[in-house]
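The structure follows.
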Amino acid sequence: MSDRNIRIESVDRRAVEDQEVEIVERKGIGHPDSLCDGIAENVSRALSNLYLDRVGEVLHYNTDETQLAAGNAAPAFGGGEVVEPIYILLVGRATKQYEADDGTEYTLPVDSVALSAARDYLAETVPELEFGTDVVVDVRLGEGSGDLQTVFGEDGAAVPMANDTSFGVGHAPLTETERIVLETEEYLNGPYADDNPELGPDVKIMGKREGDHIDLTVAAAMIDRYLDGMEAYKDAVASVREAVTDLAASYTDRSVGVEVNTADDYEDGAIYLTTTGTSAEQGDDGSVGRGNRSNGLITPNRPMSMEATSGKNPVNHIGKIYNLLSTRIAEAVVDEVPGIRDFRVRLLSQIGRPIDQPHVADAFVVTDDDVALSDIEADIDAIVDRELAAVTDVTRDVIEGDLRTF
Amino acid sequence: MSDRNIRIESVDRRAVEDQEVEIVERKGIGHPDSLCDGIAENVSRALSNLYLDRVGEVLHYNTDETQLAAGNAAPAFGGGEVVEPIYILLVGRATKQYEADDGTEYTLPVDSVALSAARDYLAETVPELEFGTDVVVDVRLGEGSGDLQTVFGEDGAAVPMANDTSFGVGHAPLTETERIVLETEEYLNGPYADDNPELGPDVKIMGKREGDHIDLTVAAAMIDRYLDGMEAYKDAVASVREAVTDLAASYTDRSVGVEVNTADDYEDGAIYLTTTGTSAEQGDDGSVGRGNRSNGLITPNRPMSMEATSGKNPVNHIGKIYNLLSTRIAEAVVDEVPGIRDFRVRLLSQIGRPIDQPHVADAFVVTDDDVALSDIEADIDAIVDRELAAVTDVTRDVIEGDLRTF
Amino acid sequence: MSDRNIRIESVDRRAVEDQEVEIVERKGIGHPDSLCDGIAENVSRALSNLYLDRVGEVLHYNTDETQLAAGNAAPAFGGGEVVEPIYILLVGRATKQYEADDGTEYTLPVDSVALSAARDYLAETVPELEFGTDVVVDVRLGEGSGDLQTVFGEDGAAVPMANDTSFGVGHAPLTETERIVLETEEYLNGPYADDNPELGPDVKIMGKREGDHIDLTVAAAMIDRYLDGMEAYKDAVASVREAVTDLAASYTDRSVGVEVNTADDYEDGAIYLTTTGTSAEQGDDGSVGRGNRSNGLITPNRPMSMEATSGKNPVNHIGKIYNLLSTRIAEAVVDEVPGIRDFRVRLLSQIGRPIDQPHVADAFVVTDDDVALSDIEADIDAIVDRELAAVTDVTRDVIEGDLRTF
Amino acid sequence: MSDRNIRIESVDRRAVEDQEVEIVERKGIGHPDSLCDGIAENVSRALSNLYLDRVGEVLHYNTDETQLAAGNAAPAFGGGEVVEPIYILLVGRATKQYEADDGTEYTLPVDSVALSAARDYLAETVPELEFGTDVVVDVRLGEGSGDLQTVFGEDGAAVPMANDTSFGVGHAPLTETERIVLETEEYLNGPYADDNPELGPDVKIMGKREGDHIDLTVAAAMIDRYLDGMEAYKDAVASVREAVTDLAASYTDRSVGVEVNTADDYEDGAIYLTTTGTSAEQGDDGSVGRGNRSNGLITPNRPMSMEATSGKNPVNHIGKIYNLLSTRIAEAVVDEVPGIRDFRVRLLSQIGRPIDQPHVADAFVVTDDDVALSDIEADIDAIVDRELAAVTDVTRDVIEGDLRTF
């Protein structure tokens, strides 16, 4: 039996799947808020790797504050142009000078590495955006403390102390609506966009379920140079609607309605046409931590953490680690223990205590009708305990880019 | 009977007050995230008033993206100094040129007004911070569309259309823990600070209730020039602890533990001493919408909206309006209808539809044991309906500064 | 006899006073380029004093790169407004961390001190400009080398080495036209403005002499809130013209024509009306070293140095020191030695050599008709030698603000 | 006979070639000030071409204020790195919205075009500098007036009016020292660098002639990744010295001494090693108009204009046009008229008057001993007149990039 403070209780509220109304949202990878999340996280990974490569340990940093100020564009069928660039400011702090115990002095090019990571991320995510003219990226990284932050070195052995009193919350399994919203965005920004280059990465999906009917509202930024006129645009919208409808049907037996770019007004020519594929080109600002939670969704039916997961250092920033770990725990429990209809776990840290020893790990279980909590409680406890013990795996997986943060 | 789509259902989950573990947090007004919220909202109000004064109507704007990059300070007993200034960037868009129907052309000084509002807010909130040397405020407000955004003019008659598909959520009543957390911050930053100038405005309260025991963890930035040494600092910490303990006792019969500045290490001299009263002076960045929800709290036990309320225009930005309105509805219902132990209402907008006609207004009621929902359902429905009809009051109250947004 | 390499030669070119055409310009203290010069120099002095106060010696810095990006204003009789703020960026480098030989570590608040100096200078020079809303000042001071730069400590004994191969050039006496241009600006921005608050500090004087006729062209920014209409504006212009005409008459017997705000077009309402008294409010950018030379004038009839004098550190930055010193030498020579109609001295440094030992000090003398150079050569040599020996006085006088740099 | 006000006078001062001491300097194309000049001029040309392409005429703009704040680098033999990026801010104003007489409305992407021009220029000039990570370029171009500025359209017929009272000055021929300094930089940054990639573009040449001895001091930034150690560095320095010595010998019979990187201290390892080939990477800021005059040189022996030539619009900005035109006139006169040892021409504009009608064109001639001014005066007058008549050629040549501005 573990000495960790793990509580498991049955809740008799209805599983989210069984509630009457459910709302789910996902901001696609090209949405201004998601761009900030993605840049912040990519910068964070680049800094972690810089420190590991040079110093052998991750030094103090936090880069969870990227601000995007929208540009101005003049989209036009056949190809428009960005008129005023998007401005992105990387904010945070990072250790720039470090003296190791053996007296070795390091000068770490954190600004250049951060800028490079931002550029690479943008190139991959919004390829139509020309770096340096369509978007200007600047950097304000303050000097970190220079204290050796961590023992997450080559061996990864020791467990760091929590840097704050914070908490994380995770859920599993996804409801049908959640899964559809998530998969829709990933499909559109994946295989669909590969075949349909007119679809930009700024895709936003709002799912609403009332009883057994699901409405999906899709806002999809179309890229002007792939469309030669209004008919082509209408075809592109219709094609997205069809693709989403088909995809949704494969995930649910409920009835599904799909709307794409509902705010369009063809007569006024007010359509969702962009030059770069993101609304950041024209009027939509963005920042970190304002969009998707760490499981990729915004789920007002469920408790959520306000903590921005993206961009924080993954070694001892407890807000980041516990959000990711709680999701991992929830998924593991539901995957391994049968009979669970809804599972939520909350991890509360205590500042200064090892992060594998949360102040409390609170699990809430909605069992299937024919299952008693007592039958599965021990299994759940064991999995929670196991995953807590492996908390540093979260750090490693984040640094290696294997964990979603938004 | 109203034609609004109002649903009321009884939920048999436990009221938050009755749940086993409850977590509540409030970032005080001097916290970097709260500073951004407050600046953004003050800028928003200033722009609304500018437009009303000059044009008679509120034109298009959104200023919900303020970014704060922390400075660098060298606090010292008796008075230290800021070494590198805090940098604050006001981001958003606002109409700068406008031609009225009668041909009158307006040039609106939105940048200057925004900067002025930010300066005034900082002067009031963090008086130790010297504007222009301890903090630099810059502005990037893009040109808004210039379309007449609103009919919220002198008469305020018409009801605008929703600008987006979004939702808001409100709760009432506050639990004991929530009330204590909220009141503690307001007391510390109000009467207490008036008498104890060494207490800075960056006060963060974390409340955790397990069963009938409440733990309050207070992080309180002390101002160096009012403290002549370590003993004075210790006294200041002890004084806060005592004040909070006394205050909490007046709100609850539960046992309460209070910790203040738990991360202090007197031997190392690692204490929470600041020159300006905010951690933004040294390493803590901030941005809008990352802290308190519109009821002033972060409440992971309750559904929350991710929408940043502060800084958005209050005329037709539905994310802002519905968050504020749902809280107002919840408070009115609980105030006027007896027998409710926990009440939550969720408003879902539909883009292009009048904002007093939400797609759905969902109320969830936990009644007292001796009350049936059917007895009070009609009363609740009437209040929800009444408040929805009065939705433009929210706009007015926001512009007049009568509504909390963080 | 000194061992300094001093050369004195007679030149038979005509003195500038005797040339047929002469052009002289002065940008007043409120001109955007002069504002940058003034800010840069005030920041420099503030940093020198900071280092002297804290460390006892001046550490490495250079702040000779201030950039001003103009704002946008809507001036109007009776009082207009700034619409978009002027943006000023302080650029340079300064030592922020310093460890003295005795191990004492200093953290120097160079950013805050620089911002404070800029603010104070603007408040004094352009009082109508509201800091923080009409003008935003930001700072990018890189970290200096941290090497002990100087021995200009409390005693000021030793002579530093030149940091570069550079040169300075000085002239005396001023011609009538030069004197009139200089005095006109100083009078307008001094006693005249005290009595006539409608005159802003952005006054530009262009003097052109052809034979014995001098034309003065004055561009004078008028401040809107002191003028209630076009007649008042015309009166203000006429008043300046009259004052300048009177002043010029007291300096010369030549005929003088004065034009004020010649580009005005009263019918179109295109007049030189401002809200703040500087054209930086609307469209005129500025930077350091683009305006007046260190004697306060732009004199295309005379050799000039391209070196920006303002903002450079006055301890070993030879470009600054030699420009100031050569002017001082020229003035001393002409003051003490009779019979000189025109005097120019050029100092050329050699990197790494003591600054009181220039590679060459070249003096060019136009004597009065009845004076032979041989009669006064020894006197000149002695004065040049004496002033070179006292070179560190220049440093002290600059730090104390007793020397004009633009 | 022309009705232009052209004055020609003989001066009996010595030609610069015959003066005892002569100082000449050229900042190479990779020097921070020259980078700013070059970027500003390239941005200017790009905007001129944008306006001509889209609107058919050049609209109002000025981009003569680029500011460079130096970065921070860690050069190392074999290849170092930039630690903090260089920051370049493009400042100026340009017309962004324009409505033609026929009602056509234009939105001009001036920000994007400016950024693109800056990027291209940097890529060509400092290829080692990685755009976006080693250097961040941001832009603050205010909105220009939108008035049609010019009639320099497809036909180029009409002559614009002077926008200011300003003057330009040109000289010919170059002295030996001037030619050597100019040619040395061009050779080093041309054929020499092609064969010797270790030589960066930041080459500064200071020439000093005393009587018949010329000293050339070269500061040459070496690029680390082409040098594997100190011996290679020494060889590179020696190679530059040899090449410059050989080149100089082909231009003069005077004795020539050459010093390269005189401030190096091999023992301390203090050498002029860079990662990118420009000192902007580490501590050397730059701005427009602080370096070379429009003939490519800094010549304190000659009258110079303070006017920044680079970045100004070439249609009616008289400061730019007259500096370029006066040089062109001087070169034409000396080229076509035999017997001139030194020629200087000064053009003074009058605001509001056609630019081919200067207030005065003043020519100063030093003839060869056997030539009387009266013999060649008519020829000179005719050439000055002819070139003034062709003033709009300057505009065209600038836009086409055929004229040097720094």
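Here are a few things to note about the model shown:
Labels A, B, C and D are assigned to the chains in the order they are written; within every chain, residues are numbered from 1.
The definition used in the following text is that a contact is a pair of C-beta atoms (placed from the backbone, for glycine too) under 8 Å apart; a residue touches a chain by one contact, two chains touch by 3 or more.
Owing to the predicted nature of the structure, the values given are computational and were not obtained by experimental measurement.
Using the contact threshold fixed earlier, the set of chains in contact with both chain A and chain D is empty. Here the C-alpha atoms of chain B line up with those of chain C after a rotation of 180°, rounded in steps of 5.
Ranking all chains by how far their C-alpha centres lie from the centre of chain D, first place goes to B.
Chain B and chain C have Cα centroids lying 50 Å from one another. Distance between chain centres (mean CA atoms), chain A to chain C: 56 Å.
Centre-to-centre separation between chain A and chain B, using Cα means, comes to 24 Å.
Residue positions 84, 87 of chain A each touch two or more of the other chains.
Chain pairs that touch one another are A-B, A-D, B-C, C-D. Chain D meets chain A in the complex at residues 74, 81-85, 87, 96, 107-112, 115-116, 119, 131-134, 136-139. Within the complex, the chain B residues that touch chain A are 7, 9, 11-13, 20-21, 23, 62, 64-65, 67, 69-72, 84, 87, 89, 91-93, 140, 142-145, 165, 167, 169, 206, 208, 210, 217, 262-263, 283, 285-291, 293, 298, 300-306, 308, 346, 348, 351-352, 359-360, 362.
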